[in-house]
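Chain nomenclature is as follows: A, B, C and D, assigned in order of appearance, with residue numbering initiated at 1 for each chain independently.
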Amino acid sequence: MTAATTTGGALSPTPQGVEVLRAEGLSKRFGGLKAVQDVSFTHHQGEILAVIGPNGAGKTTLLNLLSGVYRPSAGRLHLGGRDVTDLPMEARCHAGLGRAFQIVRPFPEMTVHENVTVGALFGKPGQRLPKARERAWALLERTGLAAHADKAAHELTLLQDKRLEVARAVATQPSVLLLDEVMAGLRPGEAQEAVALVRGVRDSGVSVLFIEHIMPVVRDLADRVVVMDQGQVLAQGTYREVTADPRVVSAYLGTEEGLHA
Amino acid sequence: MDLFAQTLVNGLLQSGLYALVASGLALAVGVVGIVNFAHGEYLMIGAFLAWAGSALLGVDPLLSLPVIAVAVYGVGALTYRVSIRHVLLAPELNQMLLTFGLGILLQNLALMLLGGNTRTVSTPYQASSLQLGELSVGGPKALAFGLAAALLGALYFTLYRTTLGRQMRAVAQNRRGAQLIGIDVDRVYLIAFSVSCALAAVAGVLVSVLLFASPTVGLVFALKAFAIIVMAGLGNLTGVLWASALLGVSEALVQTYVPGGGGWSDAVFFLMIFGTLVLRSYRGAR
Amino acid sequence: MKTLLMTGVLLALSGAGAVKVGVLLPLSGGGSVSGQAAKNGYQLALDEINRAGGVLGKPLELEFADDGSAPAKAVPEFVKLVTVEKVDFMAGGVSSATSIAISGPAKQYGTFMAWIGAAAVPVEDAFADHPYFFHYHPWSYYNFEAILGYFKYLKTYKKAKNIAIAYEDGPFGSAGIDATVDAFRKAGFNVVLTEKFKTGSGNFGPLVSKAKAAKPDILYWVGYDTDALPLATEIRQQNLQLGLLYGTPPSWPVGFEKNKLADNVAGLSLWLSSSPNKDSRTFVAAYRKKYGTVTDEYFAPLAYVNLKTLAAAINAAGTTDKAKVAAEMAKTNVSTPFGQLTFSPSLKTKYQGFKAGNWLHFQYLGDARVPVFPIKFAQKPMVYGK
Amino acid sequence: MSARNVEGGTPVRAAPRRELTLGAALPLLAFLALAALFPFLPLGSRAEFLLQIAFFTLVAGIMALSWDILARSGQVSLAHAAFYGLGAYGYALLLKAGLPWALAMPVAALLAGGASLILGAVTMRLSGMYFAIATLAFTEVVRTIIQNLPESVAGGATGLLVPALLGGNSRAQYALAWGLLAFTVLVSLAVRLTRLHFAFAAIRQGEETARVLGVSIVRFKLLAFFISSSLAALAGVLYAGKTFFINPLETFSLANSIAPLTTSIFGGLYTTLGPVLGAGVLRVAEELLHNSVKNGYLVVYGLVLMLSILWLPRGLMGLRRNKKHGGDL
């Protein structure tokens, strides 16, 4: 799936496309533990990039490095040609990095609509409240949450929560959206809806980088795959390419998820 | 040089008192997760019981200490049953308001029943001291220090070497998880909270011997004890001892070597707490 | 039945015109020990006044209010007494901060105030231009005058030359401390140590260590009852040799006299229950009869004297007119448990009652407080440690 | 858009729900109106006395509401007494320096607000108990410093005399206090109805998530501190001008930090009406108790606080049946 069709038309989600996010030798040590080591990759505009790897491969740490939860011990990160390595989380958001968490983190005392409004209001500097509300509303409609707009966030089902998590992140108008195992905990039917949701996000012009365990989802969704093991990049390429790589197969052997689960 | 050595001794002796008061609070905060603003009032109850035993019955406070500890354990258990257990899952702010109301209630109950007067006990060993050359080590304060170390040690042992302790730690780390593996969470909380109250009362007995008993005696020490356990890091028992020692000694140094230092000792005390918290928060980040 | 009704009507009628005195006291909060003592004194005086025929031919009425030892509570309570209860006169007052807080409304309503406490100098400033302010308690500078007098005696007869001062860092201990040091120096003393402490902390170790190095003859401490035992303990433990440990707390710990560490500790009081003064003995007897105990809080007799003299002035004036009562009050000249009471100007106010000469100095000797100075009041010779 | 609406047939409303309705604002307006009319009510001989009580109730209302504004950003502070005290001292010292009172008041508020930025900046990364103790420690340090400054500077431990506010006219004083409470309410509403609400609530309910969504926590936490502390300082000015006398132990006492906290919880956290209503109810209850249970009224007061938490965990605001999320004012 190298040349996915896009509704945007103008975008060309091929490895030769416009670069949006580039990691150069990112590393993170916690004490003596090297959680992420010398990770480099390039993410192109309109592309859905998957990061996979066995448990403990450093995927979530990598995501935290990208979104700014941690500062890297070494390496640089460029977003749209700008060095964002030293920016704190909120500034990275302003620069165009959106993130949805694996364990959904809605603001529990806010309504669904207010939750999304936070993203719409603060994702980019200089947003006005009425406009942000409207955009949040539009996003709720697009993500099928409009009927729940006035519910408290904690009243939602898990799938709705995930929709909210994504809608809120998209509301910040990111150029790259980081998704941390959005499918986790969903039933197969729900996962299909979530896949459609992510595609919809990409089709609206947002590049997506996601971490995933469930291989069929990766196969369906990813334009390209980065495989990590023990903090390092093991292989990069299309789904077909990386699954054919013997190093990847051996890294997954014996692990409970199995490569073709 | 003699003055310097004596200053260190003075500081350490005072820190024993701080550690003693903080030990019970560390248990309440660490295991039950309750910020008990009424902790000083249990100390006050202990101090008054010791005074009553001494003044009315002629029993030495140190002899009545075990009885008082058991009695206040009961008061603590009662408090837990009627109030604390109902707010365990409530927001922290609600817990604070509850224990604050409890503190007001107990303090003013004492004021109403006993009046605002300061009461003191008389014991033959009150002014006893150990003379090491030029150095003098106050007996009761040394006892308080030893007691604090022993209690913290016993707490440590209980938490890490006994079944009850393991249950306490399990409950402290993950209430629901502990419940799932069959721990009677309510009972563990009851015991931890009541023991914490009993420890406050033990501190109160010592305070009555060393200082005085009055309705407001708990306030000063409870406030400092809070600051100490926060400085030590919540749930860190060994930290309580070193934090107390550090604060006690620095107070003494300021009082001895800074002109007018007695007025600044509180500022130094709280400045160190403030600094520790802020520094730790910055070191911990990233 | 008819007579009963008549009596009721008569009582009601007489009550309508009775003289009402508002009493504002700290019945709760920090100053409650003094406040409660004063309340007892007032009630004792009220009994006696009404038994003797009341005021202006009718029973006197007291209206107590609690200022909670807090200015924000004192202001509404004061206003309530004056505007709602419509009291004719105000009495009471212990804490300085609450007294200052009510100085505004007091001037606004031109309230007649017979005030027993509030010794701090800012109170004197606040009431300097109030025409009906009668202050019974000596101002703090009178207290010091009395202390200086005693110490001068010790200098002459006991060769006490070096003074160490320990004072609590709150308003009570710190007020005018620089002036105190200057005055001691001017009187020829060496002030070898001036050190603050935190009241209630029980932390006297460093202070006593320093004092030991300074070798004072007198350790003069200005603090509260909570500090008495910890300080005495620390002095004994570190074996600090003193001629005299002298303190001026507003009250002393209950049962302190029975503690061995209290022996020879000296202090200042306006009054002692053991005073041989005739009025004092009368007061103690009456107090014991009403309450069954003896008090050592001087605010009890002070309140007693306060109300008795106010009632006498109203009776002498024959009216509740403030100016006329004030004129009669100003003429007061009666013997009291504290000695003779007359009103004369202080530094800033017009009517000041007790002054430096009314203070006495006592020592804890053999389980009791015993007057030791001025010499003419001394019941036992003082014990000086050097 | 490829994501389809899961609920299919559910009718979707065209516009988001309006946040501020008259119904929600009504109790607040009624409270303020009642407070405004208070001096004109026919209260007979009790009028003057009740006016004094009402004055300190308004001050308590300003304290509680301003504390709540800070708490909305997740910062549970025990430093409110510090800013109350700094307001009182700033005002007194500025008057001494010759400033007219109408200028000294706002300047004192701004100075206290400025000081709060220092505290806010260093406690930025602390939360919960650690934050609370750090702010408590700050208060103690500020108090000790003022207490130990030379007496000629700030009156030392003895304290400072303060000229009467508005010449001691109690009605004018009341009107001023009312005006400042109304101002505080306006500020609170402004916080509630603008982007600040979303920023504060997001930070409180999930700081890291808020940052990921682009909320600049540094700016908003400091802004909360500045607004809250300036308002607390205004309450301190009222206190100083009313009682003529301030000293470090009284003005910086822990009780002044705790009262706004308990009042806000009692009334209803994170609302405008709650803390104001809480101040009104608690002060009245305290006064009634004071008069009926003379001795030991604080025992009953403590009991009332305990029972209110056990039975009314969401405070007085929890009594309202229709508690739509986010709709509370």
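As a convention for this text, a contact is a pair of C-beta atoms (placed from the backbone, for glycine too) under 8 Å apart; a residue touches a chain by one contact, two chains touch by 3 or more.
Just so it is clear, the model here is predicted, and its values are computed rather than measured.
Here the chain-to-chain distance from subunit A to subunit B, counted in touching steps, is 2.
Of all chains shown, the one whose average CA position lies nearest the global CA mean is D.
For subunit B, the chain whose average C-alpha position is most distant is A. Centre-to-centre separation of subunit B and subunit D, using mean CA positions: 32 Å.
Averaged Cα coordinates give subunit A a centre that lies 76 Å from the centre of subunit C. Centroid to centroid, with C-alpha atoms defining each point, subunit B and subunit C lie 36 Å apart. Look at where the CA atoms of subunit C average out and do the same for subunit D: the two points lie 38 Å apart. Shared contact sites, meaning residues of subunit B that touch two or more other chains, fall at 108, 111, 260, 263, 266.
Within subunit D, contacts with two or more other chains are made by residues 147-148, 295, 298.
Residue positions of subunit A touching 2 or more other chains: there are none. Looking at which chains touch one another, you get A-D, B-C, B-D, C-D. Contact residues on subunit A toward subunit D in their complex (touch as defined above): 67-69, 88-90, 93-94, 98-99, 101, 105, 107-111, 113-114, 117-119, 121-124, 127, 129, 132-134, 136-137, 141-144, 146-147, 149-152, 159, 163, 168-169, 171-172, 193, 196-197, 199-200, 203-204.
Residues of subunit C that touch subunit B in their complex: 28, 30, 32-33, 36, 166, 169, 194-198, 200-203, 205-207, 209-210, 213, 224-226, 228-230, 232-234, 236-239, 251, 253-256, 258-261.
Contact residues on subunit C toward subunit D in their complex (touch as defined above): 27-28, 66, 68, 70-72, 75-76, 79-80, 82-84, 86, 97, 100-101, 103-105, 107-108, 120, 122, 125-126, 169-171, 173-176, 178. The part of subunit D that touches subunit B in the complex is made up of residues 71, 76, 122-126, 128-130, 133-134, 136-138, 140-141, 144-145, 147-148, 254, 258, 261-262, 265-266, 269, 295-296, 298-299, 301-306, 308-310, 313.
Contacts from subunit B toward subunit C in the complex involve residues 3, 6-7, 9-11, 13-14, 17, 55, 108, 111, 115-122, 126-129, 131, 136, 138-140, 207, 210-212, 214, 216-217, 220, 251-252, 255-256, 260-263, 265-266.
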